[in-house]
Amino acid sequence: MGLLTHLSNKGEAHIVDVSDKAETKRVAIARGQIVMDAATLALAVEGQAKKGDVFGVARVAGIMAAKKTHELIPLCHPLPVTKIAVDLEPDANLPGVRATAEVSVTGKTGVEMEALTAVGVALLTIYDMLKAVDRGMRIEGVELVEKRGGRSGEWRRDEMDKNG
Amino acid sequence: MGLLTHLSNKGEAHIVDVSDKAETKRVAIARGQIVMDAATLALAVEGQAKKGDVFGVARVAGIMAAKKTHELIPLCHPLPVTKIAVDLEPDANLPGVRATAEVSVTGKTGVEMEALTAVGVALLTIYDMLKAVDRGMRIEGVELVEKRGGRSGEWRRDEMDKNG
Amino acid sequence: MGLLTHLSNKGEAHIVDVSDKAETKRVAIARGQIVMDAATLALAVEGQAKKGDVFGVARVAGIMAAKKTHELIPLCHPLPVTKIAVDLEPDANLPGVRATAEVSVTGKTGVEMEALTAVGVALLTIYDMLKAVDRGMRIEGVELVEKRGGRSGEWRRDEMDKNG
Amino acid sequence: MGLLTHLSNKGEAHIVDVSDKAETKRVAIARGQIVMDAATLALAVEGQAKKGDVFGVARVAGIMAAKKTHELIPLCHPLPVTKIAVDLEPDANLPGVRATAEVSVTGKTGVEMEALTAVGVALLTIYDMLKAVDRGMRIEGVELVEKRGGRSGEWRRDEMDKNG
Amino acid sequence: MGLLTHLSNKGEAHIVDVSDKAETKRVAIARGQIVMDAATLALAVEGQAKKGDVFGVARVAGIMAAKKTHELIPLCHPLPVTKIAVDLEPDANLPGVRATAEVSVTGKTGVEMEALTAVGVALLTIYDMLKAVDRGMRIEGVELVEKRGGRSGEWRRDEMDKNG
Amino acid sequence: MGLLTHLSNKGEAHIVDVSDKAETKRVAIARGQIVMDAATLALAVEGQAKKGDVFGVARVAGIMAAKKTHELIPLCHPLPVTKIAVDLEPDANLPGVRATAEVSVTGKTGVEMEALTAVGVALLTIYDMLKAVDRGMRIEGVELVEKRGGRSGEWRRDEMDKNG
């Protein structure tokens, strides 16, 4: 049970004590995608070309959500994040939109949840802005790509996949 | 451009005017899943059997997130939701956990985003609580299952799939 | 188990469905008190006489907290409350401060939790503003005084006490 | 003292009781501007022409802030707003940017504060995004333009100015 | 008046300047209880034995509230807390539930308010989840047990009581 | 484009990376005013003299808003602010109220936005509390007065005006 650090000895949820961990620079990168009809994507991209709003609003939503991570995920520590970037790329092959988020902090815990939350909320925002024309959109592949810093050091998905 | 009701005539983002829509009962059901190592799932399920915390915390997180939807998704209307239920089922075949959320309101707009947000945040919370043992987990298939009520009436994914 | 309406058939937490309940006017009144050294109370009251700040800040905190009730209490419905009043009275006999809150709504569920939350946070704010001189203060007797409206009708603590 | 409805008989702050007011459609329009160096405005407009971000981010910020009005302004009622639109226009004559916000609700109280908050936060966001090049920017003329609906009926600034 | 550090020289509320205080490890422990009918407690405990939800939801609510302390208590500093644990124990002698919360931070101010807020909101959540069967429950004895760290050093209630 | 640090190379909004900036003490002072009818000001001041509420509530609102700055302004970093003070002075010459806010932090970025947000929301709160008697009030001159600390060092408006 000691493996699940969110659970106390009695198995009850708590925010784990990181008081004595060192403050180090930590980075996390996450990604995900939303799959939609080709016609829906075309509408979003045209809007983007003209006014930038679908992608622009979703990017802001992802950034703001990363700052709310500790309010959404009950056992996350609040963290003074030092960088948040959300990238959204239309991909005609899905068809849909690929999201990537990178978050940094100098702190005692990592920012994986902040990066994953940014991706998740950016994709939900795209769903919201396009749902009037396509209710069947689907969010896929929300996952951590890479983390650096902290006691557990570096982790990369591609190495996991190679070794797995 | 009129198809994308979140965009004004100039293509700028705004919260669409629903002042003159009727208040009707609306329901939305969404689902999604998180895929993990079989050993990770076993750990979560054992914890569940003994203390209930992983699933219990994620369920509460999903419910509370549904109430925050309009703070997360920039162009969502705030709504006095009348029901939120989040169901989490371990599935050894994934292996992982399947999430379903049902949200109701008597209001002028639907609650699809509330149901999708509940699913998304419940799954992110599972990731958070298990990430110490498995950083490679992946959220998949976050999608609307069904909506009822409102001007556009009923929508069901299975009928879309049959006809699509 | 059916008595505990926050628990579903499986005993899992959810926000109970009130979609089909009528909107009626509902009122709830709650109270509580904070007990402190007589010297601490004197300091607060003097401050009050001159500038009003200890009591004024706590009153605003209670009002704002009532509006946040559904963010704090996981299974509370969000409600468009129509009235919030917080009254704070120094009482040399405690010695300390007595708080009362009254909240109204026209809605499908009651506002007991909003009134109790207003009292609780107003008293915590008094603690915060006076703790530099008295860490031993204690919050006591936070309870519902009365509720009106809704299916379960009127409830008054004094009648409970008479009959109990 | 009865003129200031936010103050109770004892002059203490409270959220006034609107339980018995009728739900009517209400609209409010507010405006304001931010004055800056001509070179700063040019930078913002060029960015706008290419990527839309300065104006796009500020518009989203204003919309989201309108939904937070009752969390920011202590004695505002929470309201299920039905429309929020924020318009931002560069004006070389200021030089600077003019903001206008329109908010609607079907409710028991008006949305003047929501419209003013949207304008205020949109302008603060423009300040934030341009402050690296111009710390001397100044927000001016944040005011209500018009309100309709509710017991006090219609109010227009231009008529006030004519009669004033 | 200098004793009340939340009041400026003019007696006006402000967040006191801690810029020049050292960052040290600080811990606070608070407790409180909710008193109820024996039958209500039995219902909660049975639910607990089967599904864990009443206690599980209240524990999560207390943890999340601790992270919101600076949003609730107007003059509290925001703090990157490093540990939050909430313990809830049924006590047939009350009859009712005893709550204890422990919060840590490495920071410039203490976390007494965070611990007290966690206790208060956990107890309010128990009230909410059981109120359908017992509106007469009462929250009692919410108080600081102990604090360590910071300029004022250690404080323990039991020593106060001995000396008081 | 490099001048606008909120825009990435592609011109997309992001929270700029301050991971490698030093933590230094930073202070910002902002000001603004609300202009109203002389009769409205008299009402507010009388209320102030008796009960302190109009100014007291607005001061608390400004302080609490400063702590929410990163939730309101999309690209602001969250910061553990160490001091917030809001001063409100009636000025019969406007006629109206002058607001000043001072915010400090020991951090990697400045607190200009926190000070400006405190001023803006304090003035909006005054509008809210007096709008029943005067809808024509107008917020003017919201601007930075001074900042100290950080890489860009000291900035003072009066020096800008001398040199400008």
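Letters are used for the chains, namely A, B, C, D, E and F, taken in the order the chains are written, and counting of residues starts over at 1 for each.
Keep this in mind: contacts are C-beta pairs under 8 Å (C-beta built on N, C-alpha and C of every residue); 3 or more make two chains touch, one makes a residue touch a chain.
Here's who's who by UniProt: A, B, C, D, E, F = Cyclic pyranopterin monophosphate synthase.
Computed from a predicted model, the values in this text were never measured in an experiment.
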| item | value |
| --- | --- |
| Touching chain A and also chain B, the following chains | D, E |
| Separation of chain E from chain B in steps, with touching chains one step apart | 1 |
| Interface composition of copies chain C and chain D: same or different, split at half | different |
| Furthest chain, CA centroid comparison against chain C | A |
| Fitting chain D to chain F on CA atoms, where both chains share a sequence, rotation angle to nearest 5 degrees | 180 |
| Selected pair, greater C-beta contact count between A-F and C-E | C-E |
| Chain centre separation in whole Å, for chain E relative to chain A (CA means) | 32 |
| Gap in Å, rounded to a whole number, between the CA centres of chain E and chain D | 37 |
| Where chain E touches two or more other chains, by residue | 12-13, 51, 53, 56-57, 60-61, 64, 68, 71, 74-75, 78-80 |
| Graph class of chain-chain contacts, one of line, ring, star, complete, other | other |
| Which pairs of chains touch, using the document's own definition | A-B, A-D, A-E, A-F, B-C, B-D, B-E, C-D, C-E, C-F, D-F, E-F |
| Interface residues, chain C side, partner chain B - complex | 8, 12-20, 70-71, 74-75, 77-80, 107-108 |
| Chain E partner contacts - residues on chain B that touch it in the complex | 51-53, 56-57, 60-61, 64 |
| Chain B-facing residues of chain A, complex | 1, 3-7, 10-13, 32, 43, 47, 50-51, 53-54, 56-57, 60-61, 64-65, 68, 71-76, 112-113, 116-117, 120-121, 123-125, 127-133, 135-144, 147, 155, 157, 160, 164 |
| Chain B - residues contacting chain C, complex | 25, 56, 59-60, 63-64, 67-68, 78-87, 104-106 |
